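Below are two complexes that have chain A in common, paired first with chain B and then with chain C.
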Partner chain A sequence: MSLIKVTIDNIEVEVEPGTTILNAARKIGGAVVPPTMCYYSKLEGSGGKCRSCLVKVAQGSTKDPRPMPKLVASCRTAVMDGMVVQNITSPEVMENRRAITEFLLLNHPLDCPVCDQAGECHLQDLSYEHGLVDTETVEERRTFAPIDIGDKIKLHMNRCILCYRCVMVANQLTDQRVHGVLGRGDHSEISTFITRAIDNDFSGNMIDVCPVGALTDKTFRFKSRVWFTKPFDAHRDCPKCSGKVVLWKKGDEILRVTGRKDKYGELEDFICNDCRFEHKENSDWVIEGPRKIERHSVISQNHYETEVRNRSNQSQ
Partner chain B sequence: MAQQILLNNIEVPGLASFDVYRKLGGYTSVEKTLKNFTPDEVTAEVKKSGLRGRGGAGFPAGMKWGFIDKSTNNPRYFVCNFDESEPGTFKDRHIGQLNPHQLIEGMILGSYALGARTSYIYIRGELFYVLRIIEKAIEEAYANGFLGENILGSGYSLDLYCQPGGGAYICGEETALIESLEGKRGNPRIKPPFPAIVGLYDCPTVVNNVETISALPWIMNNGADAYSAIGIANSKGTKLISACGHINKPGIYEIELGLPVEEFIYSDQYCGGIRNGNKLKAVVAGGSSVPILPAELILKTAKGEPRLMSYESLAEGGFETGTMLGSGGFIVMDDTTCIVKNLLTFARFYHHESCGQCSPCREGTGWMEKILQRIEDGRGTMKDIDLLVGISKHIEGNTICPLGDAAAWPVASAVRHFRQEFEDHVKLQKCPLSK
Partner chain C sequence: MQALTNRSKMVSNKQMTFMERIYLPAIFKGMSITLKHFFKKKATISYPEQTREFSKIYRGRHVLKRDEEGRERCTACGLCAVSCPAEAITMIAAERKPGEEHLYREEKYAEVYEINMLRCIFCGDCEEACPKEAIFLTDRIVKSDYERLPFVYGKSLLVEPLDPNLRIDISGRQTKNVLNFKQNKRFAHNR
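And then the complex of A and B:
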């Protein structure tokens, strides 16, 4: 199939027809990639909800050069031949991204000092890059009590941004779904069907896909800040999954096992609960070596491949 | 009296029964159409009539039908949107309750035009008593050969079902309606693809409003030309207006589009003027989601021309000085009304009804309600007023479905036209109209 041309922030790229604007931008890489809080390439039907990846389409296509009337969700909009997209070059897009960040933080407890996700939280990254220094909100936040969903996973609904990723994991990866979204609006919540525990070999992946600290690993909770642990690639022969994981070690002790995430925070492979929760001895694993960490999050302190962007040089 | 198409026989006792409806000429359009028209000719006729969607957006009905994907062998569906829940709008319930056979007759015509073999009426959960009336009417239509296999020997077969929803405003959005009809959570889908290509059960689907569908029998009986002779410019035919608020005669009126707003409010034939001889303060012309207009702008456009009840005239001046015909929920407020309190009521509604799928609407609607509550209680600041406008701007256009816009427009317009009243609340630290 012949490739089509699309221009994002004045950079031209050729992609296959049907590619989304987001994936075209990821092909270019770097600063022109819109942030994503709900899209997850490995989950069918994800995206379109958080609106943080909205971009401006200045020219629809070569055939129909009219601009699109509204900002579009780049994760769910396919590119057309000759499309011209503005992301960080559009003040309108940046202004709206700031607003979306504010909306996402409106009911977020900002309890980062006691949150296990701190340091590898996508919402932290989004606020760091797009949020305001002074917050305008004085409103009371919605509150829920933390609950256990299954014996290994803790749900802090207060922190949830309703990206629906964990619901999609439950739908697409596991059988006998018992968990979904209840209620509607800002009072909707992720929950299980009447205190049913989530009991499934792959349920632990919900922790990895969660962009915030709403779903955390109970075997790791409060053991260490993530930036004090060192990630190592490791593998084992696993009958259920690929067995390719990242071990998070402090000294010689394995504190946590997760799947391997790419630079957009997406898992390369979904791993089973057995690998994740039950194998925390060094003898369980073949350690391949230290994991190469991309720009994402403070775990890579002093190891950034690219410079951390701040808002002043972004708007240029 | 204006031409009555939808409410013609509405006062006849027992109209909801098949026999009475049939005696008054009911179902003749089905006989005529199945015999003399091909499906494409019906679509062409509706296109020619200039009938526009009566649910709120005013999209030409015939054009919407024209988009349906006929290239696949998948079944096609025709769905009636009876999820009427916009504050101020109560016209569809009237038809469903008193004249269900007119709706069924329209469903048969629309289904025939689109080639649908199964059609649904999706009714709001709270209207359970109307559901029973419609189900009885459907049974009667089956018994008399107007539904089921081989209708009137034409070879065309249709099954019609009436399905109640759970009572969610969001399910009036057509893709949320489709999700709900499929038995899922009523979250709007991300478009494109549009329902005409990928709709109910991933098949081509057209969703129309009750009032739109109920106008079809008259159009097929009397012809597109007769229908388009009524009305003005691109606003053809008649429209049901559910008038409420501080008027002497609240109720449902069928008007010919193009009627001057002033006549509608003050004429004894319609609203009969403002209660107690009070002064008109503001009007929300098309259901809670359209921009509110102050008295001077609803009676006359910014150019000084008389404002008419039509899609174009009400929209004249854009959102700066105009509004929309919307669903025809005509809410009139006299000078005893607090605009902030009214807006708070609307904001509370949208906060409650947001599906929570996308962040601007989920978080923004609740935020606007909290700020409005603060201003109304006398705890607001001048900064809050600008913040309100800012939030509404950031919701508008950034959401998956139009509920976000519907929540943002009333706020933006109320501050635009009645800013002084918001400032008075802040300065006095209480509602100036409260005792």
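And then the complex of A and C:
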């Protein structure tokens, strides 16, 4: 099959037919990649819910050069030959994204100082880039008490943006899903069936796929803010999963174990609960080295990837 | 020999005159300067009894404020510690248990909160970073000591007393603009 040409923000890229606009933009990389809150490349059928990746299609294809009448969700729209897409070059898209951010924050509490996700939260990043300091709504936010779903996972329904990622992870990783979205519209909420607890071996991945702080690790709860911990790549022989993880250490103590996330915040490998919750001794792991953290992330505070040497040693 | 800088002075071995040799004029000149200072206003004060007037926005010893109901405002978010250029602040967070709602305002609180006053440079960045209006610098000063350890201030020294009469007033530190901003209900965090 021949490759087709797409232009995104005046950058031309050749992709295979059937690729979504988002993945074509990710092939270019950099600032033209639309933000995603619900799309997850490792999960089938994800995307199309949060609307934060909306882009403008200025020209549908070479054969039919009419623009698309509305902004389209880039994670769900396949590219056509000769398509011209505008993302950050279109003021309409940016204005829309600002409004979407406001929508996502409609019921989101302002508890980042308390939330364990702060510092690695996608909604925090999105609202930092596009959000406003104030909100136009005067209505009460809906509130829920935080509950334990499973003995290692805490659910703060207040913070949930209903991206459905955790539901898909349970559907596609396991054969028994015991949680889901109950209710409709404004009443929808993530919950388990009555008195059912999530005890699957891979349930911990719900924490990693959650873009906000709705699902958090109970073993790490309030232990430390993420920017005070130092991430290290490590692995171990695990019979259930790949065993490739990131250890979040403070001093010599392992506070948290998570999967390895790529630059879009998506897991490279799903890891099992044994690795995530049960192995927090240094002797359990083979440490490969410090994890690369993007320079502008708050986690990179006091974070040195390479050995610090003075210049006279370096020249030798 | 060529001089290395133009600041060097040549030493001369010239003979002193008679007036210079008897030294008395120079001594009287010096004594008169000393005597003049007896009648001038003193530059020092006798400190513990007397104190100088402090600026309203003096950046002295920190206080961790309580809210109107006497609950601790600090939620151990760590923004003060991350903004601190001297890395003087450390904290350990804990979860509020049911029944402690009258003590702590949020579901998380600082179990241990320490400021190393020897490290602190009193820049006020922690106050600026605080999202909960918990930490403020006051017009009080850090007491001197002979040891180093007493300079690590824990919560017992930092949190203001519960007694409403002993509360520490920091309203002088807040400018008109800041107070206006805080009263504006349009901003989400003021609700």
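By our rule, the second predicted complex is superposed on the first by the 297 of 316 C-alpha atoms of A that agree within 3 Å, B and C clash if a C-alpha of one lies under 4 Å from a C-alpha of the other, contacts with A are read in each partner's own complex, and residues count from 1 in each chain.
Note that in this section a residue touches a chain if its C-beta (ideal position, glycine included) is under 8 Å from a C-beta of that chain, and two chains touch if they have at least 3 such contacts.
Note that the structure is a prediction, hence the values are computed from the model and not measured.
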*Answer with clash or fit: chain B and chain C placed together on chain A by superposition.*
fit
*Have a look at where A:Phe222 lands relative to chain B and chain C in the superposition and call it first, second, both or neither.*
second
*Who contacts more of chain A, chain B or chain C?*
B
*asked:* Just checking: does A:Ala118 make contact with chain B only, chain C only, both, or neither of them? Give me first, second, both or neither.
replied: second
*Taking the superposition as given, does A:Arg236 touch the first partner, chain B, the second, chain C, both, or neither?*
neither
*asked:* Just checking: does A:Cys50 make contact with chain B only, chain C only, both, or neither of them? Give me first, second, both or neither.
replied: first
*Given the touch rule stated above, what does A:Lys27 touch, chain B (first), chain C (second), both, or neither?*
neither
*After superposition on the shared chain, which partner residues are touched by A:Leu106: those of chain B (first), chain C (second), both, or neither?*
first
*Answer with first, second, both or neither: which of chain B and chain C does A:Gly183 touch in the superposed model?*
first
*Which value in Å is the smallest Cα separation between chain B and chain C when the structures are fitted on chain A?*
12
*Residues of chain A contacting chain B in one complex and chain C in the other*: none
*Would you tell me which residues of chain B are touching chain A in their complex?*
168, 170, 185, 190, 351-360, 362-367, 370, 387, 390, 394, 397-400
*In the complex formed with chain B, which residues of chain A make contact?*
47-52, 54, 69-71, 73, 76, 96, 99-100, 102-104, 106-107, 136-137, 139-140, 161-162, 164, 180-181, 183-188
*Given the complex with chain A, which residues does chain C contribute to the contact?*
75-79, 81-82, 93-95, 106-108, 131-132, 186-189
*chain A - residues contacting chain C, complex*: 110-114, 118, 133-135, 146, 221-225, 227-228, 298, 301
